[in-house]
Structures are given as C-alpha cells and as structure tokens.
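Structures follow.
Two complexes follow with chain A in common, the first pairing it with chain B and the second with chain C.
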Partner chain A sequence: MTELKHYFAPTSLDQAVECLKDGDVTILAGGTDLTPQSQAGRIKIKHTLMNIRHIPQLSGITLEGTEIRIGALATITEIMEHPLVKEHLPVLIEACDHFASDQIRNAGTIGGNICNASPAGDTLIPLLVLDACVELASMPESKIYRHCMPLSTFFVGPGKTRKSLCELVTCVRIPLPAPGHVARFYKLGTRPALDISTISIGVGGTLKQGILSNARVAFGAVAPTPTRASQTEQALEGQRLDAATIDKVAAVARDEVKPIDDVRATAWYRKEMIHNITKRILSHVAQA
Partner chain B sequence: MNVAEKKARIIEPETLIGKRIQKMDAPEKASGKTRYIHDINLSGQLYGKILRSGRIHALIKSIDTSAARALPGVHVVITAADIPDQRPIGVAKDHFPLKVGRVRSQRDEIAAVAAESEEIAEAALKLIKVEYEDLPVISNPEDAIKPGAALIHPEPHGADGTHLHLKQGMSIAHKGKPDNIAMRFDYVHGDVIQGEAESDVVIEDTFKLHYVTHCCMGVSGMIAEFDASGNLLMYSNTQVPFLHKREFAEYLNMDPARIRIIQPPIGGGFGSKLDIYPFEVICLYLARAAKRPVKMLFTREEEFLASPTRQPVLLTLRSGCKKDGTLTFRQVHTLHDNGAYTSWGATTPFVMMQTFSSLYRVPHCDYHTAAVYTNNPYAGSFRGYGNLQATFAIEQHMDMLAEKIGMDPLEFRLKNAQDAGETTGQGMSFKSCGFKDCLNTAAQRSDYSRKVKENTANRSKPGNIKRGIGMASMLHVGGGAKIYPSDGCGTILKLDDFANVTLITGASEIGQGSETVLSQLVCEELGLPISAITVVNNDTAITPWDVGVHASRTTFIAGNSAIGAAKKAKTKILAVAAKKYEAAESDLDLRGGFVIKAASGEVVVELSKLLRNLHFQDKAELVMTTFYYEPPSVHQDKGFKGDVSAAYAWGTQVVEVEVDTDTGQVRMTRVTGAHDVGRVLNRLGIEGQIEGGVIMGQGYALTEDLMIENGVMKNPNFRDYKLVTAPEIPEMDISFIESMDGEGPQGAKGVGEAPSICIAAATANAIANATGVRMFELPFTPEKVYRALHGQTPKLYWKPWRAE
Partner chain C sequence: MSLKHDIEFTLNGVKRRVAVDVTMNTLAMLRDVIGLTGTKYGCGEGECGACTIQVDGSSLNSCLMFAVDCDGRNVITIEGLANDSKADALRDAFVEHGAVQCGFCTPGMIMQADHLLHKHPHPDEACVKRGIEGNLCRCTGYKKIVDAIVAVDRA
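The block that comes next holds the complex of A and B.
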C-alpha cells in the first residue's frame, strides 16, 4: 500500500523544483528501479509521485565548453548511441553495454542509475573514473539554485546520497578527457546479461610513453557505495605498467577493498576477483 | 463428356510424419492473443490471497482475524478453525492446506481472504494477527536423522500442550510421525559384496544436488466457482485433471461427478502441476464460503516461495569395474531433503534407481534412499524426475573409472551399454534401444575422443581459458510409466460433413506440443491435411479419461490412443465407400481428403461428399469413434522390479566448455546431442523440445540456485535466481536416432524429459577435462569453480546411512 495522493507531471524545471519544496515527493524517471522496489515494499511511494519525463531541460547530451553534459533523463540506450559519447567516453559505453537488457536500457536513465545509488550501479564506475560531477537543482526561495558535486563524494550508502529531498539531479558533467586518456571497465557476474555485478572495476588515466598519470580506479559491489580506490590509485600513479607494477597494484587493490558476503558472492571471492581483474585490465591498458 | 474430363484424378502419396509442423497454439501465443488463466475474469469474481507463516518452525499460539473481517470489501476470512473437516493433502497425506497448530516452513498457509480487489485482500492479510512460539529449525537433512532430533511431524498438540482433537484419521497429519523419515526406498539385484570382490578398481564419492525450481512464465493460479446447485467449476492449470478431480472431491467431501475442470492454456508446467497444492484447496474453501467465484493468482515472489522445487539430494556412490572395463557393481545411498511435507519429490527414487540399475549393464546393484523431513521447502516433480541427480553421479563415475583403468571413456561406455533385446536386473526389457548409436553419433559429431586428449594436453599450457569436453548419457521411460493401476488414455473422434475431424483427447496440452503431434497422427491415418482438425483437450466434462501429463508419456500413450480411434474411423469410412462404390475395402485407402484406390491413387470420391451422403439419408450414420489405449507395461513389484514402461528412450549429450581460470566462469560453447526418439513425428516440435531441455539442463548446471539458509529462501526473485538468458545459450547440434519402436505411435517414443537430464553431468566431465579438477556439487557458479580450482573446496563426504 502507498500513501500516494497526487500525481504530477511538470513540463519545466521550475515547476519540478517548486514541487520538491515540501519534500514529500517520489521522483519517477524511467521507473526501472522504482517500480520493482516499490512493489517489493523496499521503497514507499510518498504523498506525491512526480514524473519528470516531460521536462526538456533534463534531456540531451551536449558539449558545453570543455565538458560533456548528459541530461539526467538520457536513457542508457541514448548514451550508447550518442556520437559525443562514442568519441570521447568509450568506457561509459562499455558499461552501458553490460547494463541489464535492451528493454531496461530503453527506459532506464542515467539520472536514475545515479540516484538509485546501488553499490553495483553499472554506469557509476566509469563516471567515477571520468571525474564526473552531478548537477543538483533546487528552489530555496523563488529562483532555481544549481550546484555541482563530484560524484566521488555524492554516495553515502546503499540507496543513499547527499542529494536532499528538495533537490533534483539535472545532469552529469564530465570533463573532456585529455589526449592520451585510456579507460577500461569490467563487470563480473554469473551471466553476461541481466545481472547485478559480483564486482565491477573501472580504471582510467593518461598514458604517455608507457607511464600512467592521473590514475583513477573505481570499484563496484565491494563497499556500501561505488567507490574510488585511493591506495590503488597511488600505487598506480606515475608508474610504468610493467608486469611487476601490475602485480603490485593488483595486490594493493585486493587489500584495499572490504567487501561483504551476500547471495552473489563471498568477500573472499570478491577480493580475489578485484585482484585478478585489476591485473587483467591493467595488462590491457598497458597494451593500449 | 470428353475424354480429358473422364481422366481419373490421381492423388500422390504423402506423409505428415517427420515434417516440420508449426505448433497449433503458436499463432495465438506469438500474437499475444492466448487467454491464460490470468486473462480470465468471471462476473462477480472475488480475489483470494493467502497469509503465509514467515516463521520457519513454530507453534501457532493464536490467530486474530477480526480486523481483517471488518475491513470493507472483505467477504471471507478463513483459518484452519473455520474448516473443521479439513483433510490432509499430498503424496503422504501429511499436509493440511491451512495449518493446524504448527507451521513447519516459511511458505506455510495460516489464513486466507477473499475480497473485492487484490488490494483489499492484501490489506486484509496485514490486519491478521498471529502469535507464534518459535521452535528449533532443522534445515539440514543430516540433522533430521540424528538420534533425538526434534520431530517435524510429532503427534499434534495444541499451543497449551493438550492434545489437539483433530477429526479422527489415520494420516500423518492426524497421527504424527514418530521419526523424521518421510519415505524410504531399498532396491537390490545381485550381490554387491561379490561384485566388489570381483573388482579391480573401486571408487566412492559423495555428490550434492541443490534446489532449483520450475520458473514457469505463467505464475500459478486458479478460479473456482460453485453454481446454484452446488456443482463446482474450476479453471485450473493442473496437468492431471481426472485424478485431481477425484482428489478435490475428497477434500471438499463432495461427489466427484459434480466437479468440472477446465484447463486454460498454461504458462509452463515442467512437472510443477502434477500435485495438488494448498492454494488450490484454499481457493475452493474461499469460493464455497463466499458463494462467489474466487480467483487466486500467485505473485512472482509467491511462485518462488510456494511452488515445489526439484528434489535436493545428498548421494554417496560406490562403483567398481574390472581392468578390462566391465562394470562390476554399484552401491548407492541417498539422503533426500523432503522438506516439511511430502510431494512427488520423495518418489524420485523410482526413476533414480532405474538409472543406477539399468543405464549400463551392471550385475550387482544396491540402492537406498531415505527422504527425511526438514523445515525446508518441499520438492515436487520436475522434468527428469530424479534422473538429473542420478545421472550426475553415475556419469562422473564412468569417466573416473575409465581414467583409473586407462580406457577411453567412450569405449568404456560402449563396452557396458545396453542393447536391444536385453532385460536388466530391474526387469526393464529393451525392445528398441539406440543407445550405442547415440554414443557413437554424439562422439563423432563432436569429435569427442580427439578433443578429450587435446584438452588434457593443453591444461598445463599458459592462458586463463581452458577448453573441456564431457559426455553423459541417459535412460528414461519413453512409453509411459505404470505408476498407477492404469497408464491409459481415451480418445473420441468425430468427423463432420466437410471431412473435418474433431479429436477429443484426455491428454492435456501443457505447452509440450501434444495437440499438434496427436493431430498429425490422426490426419496421417485419415489422409487429411493438418488444417482439417480441431482438438478438444481441456474440459473434464467432455474429454475421456487419462492419467495426466507425466513420465514423457503423452505422445506415446495418447498418440496410440488417437491412432486407435482414427483407425476405427477409417475402417468405417472405407466400409461405407466399398459398399457404395462396389469395391473391396482392402482395395481402398484415404489420401488427401479423398477415398482412393490404394494401388493407383485414383480418386473414388471426395471424403466430404461421402460423409454428406452418409448424413443426408433416411438411414443416416455418423463417423464417431472411441478408443482407449493401455500400454503393455506392468506395475513394479514390491522390490521395484518389472517392465514399467512400454518403451525406453536413450540419449547422449556432449558438452563443450571454456573455463576462465581467473574468474571461475564457465561458458558452455556447444552441445552435441543424439537422442533415440523412436521416430521423429514433428521435427520442429522435437527440436524445440530438445533445445528447451538443454537450456533447462544448462541452468541446473551453471546458474540456477534456489538458496535456502535455515529454512529461509534468500533469492525468491529473478534478479538473484539466475535463469539462463539468450547470450549464454550454446550452439547445438542435435541428431535423432530412429530406432522405430514396435509399440510406439508410428514408431515414436517419449522424449519430453530426456534432453534436460545429461547436461549437468556432461558439464562436470567437461570441466574436469578442461582443468583436471572434478566437482561434486552443483551448480557450477563462478565462485564455486574458482574455489575448486584453487583447492578451496573441502572434499565432500556423506557416510552412507540407511533407515532401520
């Protein structure tokens, strides 16, 4: 049972953030997480259900200066097919290519994937590797207020973020990767489609003459949130990707993560996989 | 009249047998027009919902339904107290639909509501207050047989310790059970001690088979309505309408003649609809009390929680052979986790012991099962019926024995494989047997022997991907199974005056394609196109008796029955034609919708015209026939011996895998199957049947795992219960061995269960071939495989135990 009393489908951002002022609102975008979670009783639909799908300001994928802006309503399919993403952010496409199924990709949005804040959320790992920021909009008085927050500080726990109840995610902003930037994503599960990660790994950085700088490493499904791995990044920073370094970095990665046992895997197996797959990805990057 | 016009029309011979015939229900299903039980709504209908325990093992101290009864829109709320004449259901009559005094598993039914909407019914459930007193949980069958173990079915007592005055009855539900042993099976032929003494090599291993469930796309459901005269009409997905009609009558204490069951198209069966479950009886109670139609549909979560599972088994197998490759003996002990109540899962030993005693020639065989009560979910029948579990153990031992004596595993199997004409120690008589053809065909088409050696040599080479190939074979009933005094099926056939034929059969269509195959058989006899037939197969008020869809029996039994009725119709038609056209009956035949001269194919008369002539006369006659087929099989004796099926199906499947040693992921790349099906009737149908079975076997082997911890189901959803999805389905190469069974309809044998049986066993052998590591516990999930590859899996051992 739900307390749902009102359904609201705003057609502008103003209307939406105004509606959010009283906080007692459940936001609907693609519905691919909200529907099963509310039916299973894990999420309670609040007083107002607000469908944000008719707000044009939340759509589109554009280049704005040195940033690529992906609107919160961009579906996984739109992202996969967009020329800007294909050209500049291929690692995001790798993740989208392992995202659920075609049907869910057609409906599910990137804003939804971010706000669902699953430790295993597929797009979150490449977004962390790409230094993405989340843009949040609210209406404290009578005007829209926007601010950006790095994705690496956005998540606080499973399903929990630093977004307040009166804020709406409008887009993610991703700085254009520097020349020589390489990034890889790997998702490990029981089957290739329609699976929740057992673990996922993203690695990125700038590769010049075999040396990796600005190293970024992110792990999924090994902590309460998708997480950057600072020790692993430090071990990687400025290093030449030879076999000895790769072995060392993989060992640091294994020791850095503190996963748990659940229905998908034990902590022991997750740590082993963090080690083995980190090693595999770094070997691929070294050959790039 | 000129000469050209008088030239006789010739109808060339043609056959429907072995052709690719589209399933008759395919257009409706593919276009979304099929009306499943979910789509049927009766005027005035209420919605039924069940309150389940949530506790695993507890005494029911009190149930307060007053708030639920007071909720507007609620018509009926029932608990066991409202049904004083409740009778126990199930194979062992150990199970009241609404629980009395005690709950024994998570899914147990406490109360039920019929209301004007699903939402109101759900809300009413939340208003029911139940007080429990928790009891210790037995979730491991090994604990259930320990001396002094708590009893799952003690003599019933009320919450205050006083004896519950249940209506007197002799069942376990009434009297209790003084131990936790639900059922036991003990079989022997020969003398295993002598067999072991004659052996050069003896091995013993323990195998562990897990919980999986059917995952029918259509969740379970029923609609029940009593008319003003008290007659009951049920819309039900049962696969056993006639036997269940009688059982339902018993549970309702009513005359079975006043029950009618209509079976709407079914969204998947696979054995899951072979028993009567509490929800069905509860739905009837609600409809009876409400005096309104009541519809009850499971949610997907409920479908996981409250459906039967495949039988989990702990099994220790001891096998021996001589140096020359002759099998000497097999000794088998199994512990079946029966769960809280007894359904068909407990009887899987009927099938399992056949595989141990008779798949290969084995002079000495000793088999023991104890099915023991726990607080876990209970197992029902599931495609393959114990044979996946038995084959998993046997076929791994075949590879291991071959390796011990240094013999090629294919040669070892061929040496011990059964031939046509043999009668096994268990009394099964193989009139047709294509086993060796299956072995050779599957081996040749997969290049098995070369790849086995090549993969073994490649194990130590660098690289994280290791290839493996493995083989397994199966024996299963293919001509029905005489588990009841009768294994028969009736047919009624009628021809109308347009030469359209209506086939009225007792055989239920549960998606397996029976109506299409039966139509082919009838049209083949009557020389009619497949478009000239209508099948009626889903209403007990119309269709003749049948014992249900199980044991891969429908094509064989209902097929022979349909042919029998068609032959009688043909005889009658030819007699009429012979008289009218002054020819000998034996010179005439039916072909292409005409009566023809058998020798030349020359048209005598159009069949529809002949039939109209027959109808439009003062001594009119109809062509309507009936036939009842009972197979020449026998009921097993008390020692489980006897030729239980009229024919036996054989098959060999070769599985190829790639194992990623970095992750433990196993990719099934190719399945090469050879199946002795007697004869292919509908090539399209049988290919679909085999492919679907292979995928079901693949899920059992690699991904599907219903996780139960302390009686609690951890993953009652498709997110965490992982069915195989399209990208993982392997390439398949399927061959059919046509052994032309003498008793089979057009030579065919049953094949419904066969394709799912070997896959897990062959996968185990393939992983061993790839990595040198043998795995004894399913499923082969990445973590399990990775652990095994890294020596993190302790050796499984269950000390053989048998009930006293």
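The block that comes next holds the complex of A and C.
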C-alpha cells in the first residue's frame, strides 16, 4: 500500500469506477467514520482518496418496479424523512431513529454504513430483515458492469465484505414488502443516542391470521458480522405467535447466537438479552 | 509532504478559496487555517457536538468531515450565525434562561438548536431533548438549555 498521493472528486459513475480499476483507492462518502478512523491512524488512506459526493447516480430514493432503490449517498436523515420509506419500510426508520445523533445522521450515508460492515451497524439489521440487495459497479474493461448481491452474503467479518477493491456500492435495493408484512427492530444500549449496540434484533415476516410466514430474524453485535439467524427463523416459520411459541423461539435464539465478551458486554449477558428481547419483540409482532 | 488541495466554498456568506491538507478535518481548517475559533474542539470523534456547524442547511460535526469535502458547499459557523438576525431570539433566550455556564458547549448547542428550530419552529421539550442528544454539556446544565430552546418563537 502506498502513501496518499492523489485526491479525486469524480462527477460521474464512469469516472469513479474507472478510478477504482487499480484498486489502491480509499472511498470517502459522509466521512463520519473515515475522518476519525484515519486521524487516529486506525485506517491508512491509500494512494487515492476518492470523494464520491458529486456523483448524481449515487443519490436519491426511488420506487423502481417492485423495488425501492436507496442510493448509496442517501443520508440516514434523508431515509428517515422519505415518504416511500415511511410508507413501505417503517422498520428501517425505527433503526435510523436509533442511529447516533442528528449531526451524524445528517452526514452519514447508507452506503457507508453498509461498507463499514460493523457487526453492530444499525441499518444493517432491518436491511437483512427486508431481504435487501447491494448493487455493485465496476469497470472490468471499458464499460460499467453492475451486479447485485444479497446483503445476507455480503459481510465476511468485522469491516470486511465481499466487495472487491475495484467495486463501488451504488445503491441498496429492497423488494416492496408483501401485504400483511410486519417487522420490528430493537437496539439495546446504555443510552438512546450515540451508542454502539450491545445487541440489536430485527424480526419480520408476513402475518396472516396470527401465523407468521417468510420469517426473517437478524441479530447485530453477536457475531463477527450482522447476521441472519436461520435456526430461529426455522423455529418461527409457519407458527402461530402464541406465548408457548414465543418462549420456544426465544430459547432457540439464545442457543443459536455465539457472541463474545468485549468492552460493551459479556457473551453471557448478550445471550440473555437475545433471549429476552426476542421474546419482547415477538410479542410486539404478534400484536401488530 | 502532505498532499494539498485547493477548495472553494461559501463560508458565512463569503466565498473563500483555501489550500488544505487532504487529510485535514473541517474543524482543523476552520480553527487553524482560517482562524475562526468559535467552533470548539471537544472529543474529535463526534460524541460531544462542540464542533457542530451547518453545511448546506444541515447540522453536522465538523470533526467528522474532511475539509476537502467543503468544496462547492455552503458552510455556516457560529460566527456566521452571530451576524444573522434570525438567530437573535435564540441567543437572547440562552442569556435570559442562564443556559450558559462555562460556555464551551454553547457554540455547538446554538448551531444545533438553530438547525432544530429550522425544522421544528415550535419544538416541545421532548423534541428539543432528541434534537440535542448529540451535544454534551459537561456542566450538565441541560434543563436551562432545553428551556431556552423551547422558549424561542420562530413563527
């Protein structure tokens, strides 16, 4: 890795992905993470610092067919206030509402939250519950190549994703939830603002006559990546959300997660909280 | 040698052209390059809000923003707000309610409160508390700060 030699602020997607061809590029969007991390020496800026703010193709929140497209540069505040998100994706707003502080929500972008790949990333849990896909752009030869990857396979470790050094996240695509879709998010921390989750939980599915189908469960801060909980999902699938089922599913959730001890909590505490909050959140879903 | 880049932006209503280190944050540029020291350095990592400024109409932490990212944008600091008559009522309310103790958090509080009042001209107490949750006051005079902001009438 070489020293920072070049600052580049492209105004089109073409210019940006062409710049990424050599791979020795640090991407700047909102800067809320890159600024302090680079100043503290925890991240070394590569040969080129590329500021993607001025690329119009990365902005906006739109309905495209049966998907909601959220541009990588959409800030957390923009997402929270957007009518399409309010109407179709209220669970994403619940998570945005618990995201850092107003100042950081005004600057931080969804693309940045995704690419940071924090196991505790606030938007990642509802995005997993909503079956979101990440769209990646690159320029293998002279034309832009785009492909989508399910968010559930995107993360490989803390700060690590399957995005190659030559790729740029352009947007996140979320299928419009089916009628009867319900979803809830809960973040457990020591204070509401500016806290990194001790654990976070998202639950979603289609509720018809008390029965939950297409169940989705995602947990934050209990594994090296934000993660779908397949055993918990299986335990939920097709079940009536009565007290006995909720107890059983909460126990499965506690057994499924393998958290670690760290500065924010012990593994034991995290497992207990996964149990208790899963129970609470399922009761809320049952009443939806 | 650190890499420099020329940027041009509007600072408190005036066009500025500055050469900045590419890795420098906006707070350092404002204080150390331009000499506007009203914006305070508290924690340097977005926890305390003492460095809050407004960029393109939104409040943000200047310590979490690259200075080069100011290029082409509209930046307002506490010095800019001091000359804006729209902010007089907010300043007067802080004085009237004794919402200033040591004063270190005050520029950030005012910048954030101004942004909040822009979005919610008549905020209630709960709305103000949510709005300033990214601003710490280590004198812990929050009650008077919240009272002052609630008292401002932006009709």
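We take it that the second predicted complex is superposed on the first by the 286 of 288 C-alpha atoms of A that agree within 3 Å, B and C clash if a C-alpha of one lies under 4 Å from a C-alpha of the other, contacts with A are read in each partner's own complex, and residues count from 1 in each chain.
Simple rule for what comes next: contacts are C-beta pairs under 8 Å (C-beta built on N, C-alpha and C of every residue); 3 or more make two chains touch, one makes a residue touch a chain.
Source: prediction; values computed, not measured.
Engineer: In the superposed arrangement, which partner chain does A:Asp24 touch: chain B (first), chain C (second), both, or neither?
Structural biologist: A:Asp24 contacts neither chain B nor chain C.
Engineer: Which one hits more chain A residues, chain B or chain C?
Structural biologist: Touching more of chain A: C.
Engineer: Check whether A:Glu272 is in contact with chain B, with chain C, with both or with neither, and answer first, second, both or neither.
Structural biologist: After superposing on A, A:Glu272 lies in contact with chain B but is clear of chain C.
Engineer: Looking at the overlay, what does A:Glu67 touch: chain B (first), chain C (second), both, or neither?
Structural biologist: Neither chain B nor chain C is touched by A:Glu67.
Engineer: Tell me the contact category for A:Arg264 with respect to chain B and chain C: first, second, both or neither.
Structural biologist: It touches chain B, and chain C stays clear.
Engineer: Quick check on the superposed pair: does A:Gln103 touch chain B, chain C, both, or neither? Answer first, second, both or neither.
Structural biologist: In the superposition, A:Gln103 touches chain C alone.
Engineer: Which holds for A:Ala193: it touches chain B only (first), chain C only (second), both, or neither?
Structural biologist: After superposing on A, A:Ala193 lies in contact with both chain B and chain C.
Engineer: Taking the superposition as given, does A:Asp14 touch the first partner, chain B, the second, chain C, both, or neither?
Structural biologist: Neither partner.
Engineer: Of all the chain A residues, which ones make contact with chain B and with chain C?
Structural biologist: 40, 101, 192-194
Engineer: Which residues, counting only chain B, touch chain A once they are in their complex?
Structural biologist: Within the complex, chain B touches chain A at residues 119, 122-123, 126, 301, 662-663, 665, 702-703, 707, 714-715, 717, 719-720, 722, 724-728, 781-783, 786-787, 790, 792.
Engineer: Could you please specify the touching residues of chain A with respect to chain C in the complex?
Structural biologist: Going through chain A, the ones touching chain C are 4-7, 9, 28, 31-36, 38-40, 45, 49, 51, 53-54, 75, 77, 100-104, 106-107, 192-194.
Engineer: Quick one: in the complex, what on chain C touches chain A?
Structural biologist: Residues 3, 5, 22-23, 25, 44-47, 49, 52, 58-61, 63-66, 68-69, 71-72, 112, 115-116, 130-131, 133-135.
Engineer: Under the touch definition given earlier, write down the residues of chain A that touch chain B in their complex.
Structural biologist: 1, 40, 101, 188, 190-196, 198, 263-266, 268-269, 272-273, 276-277, 280
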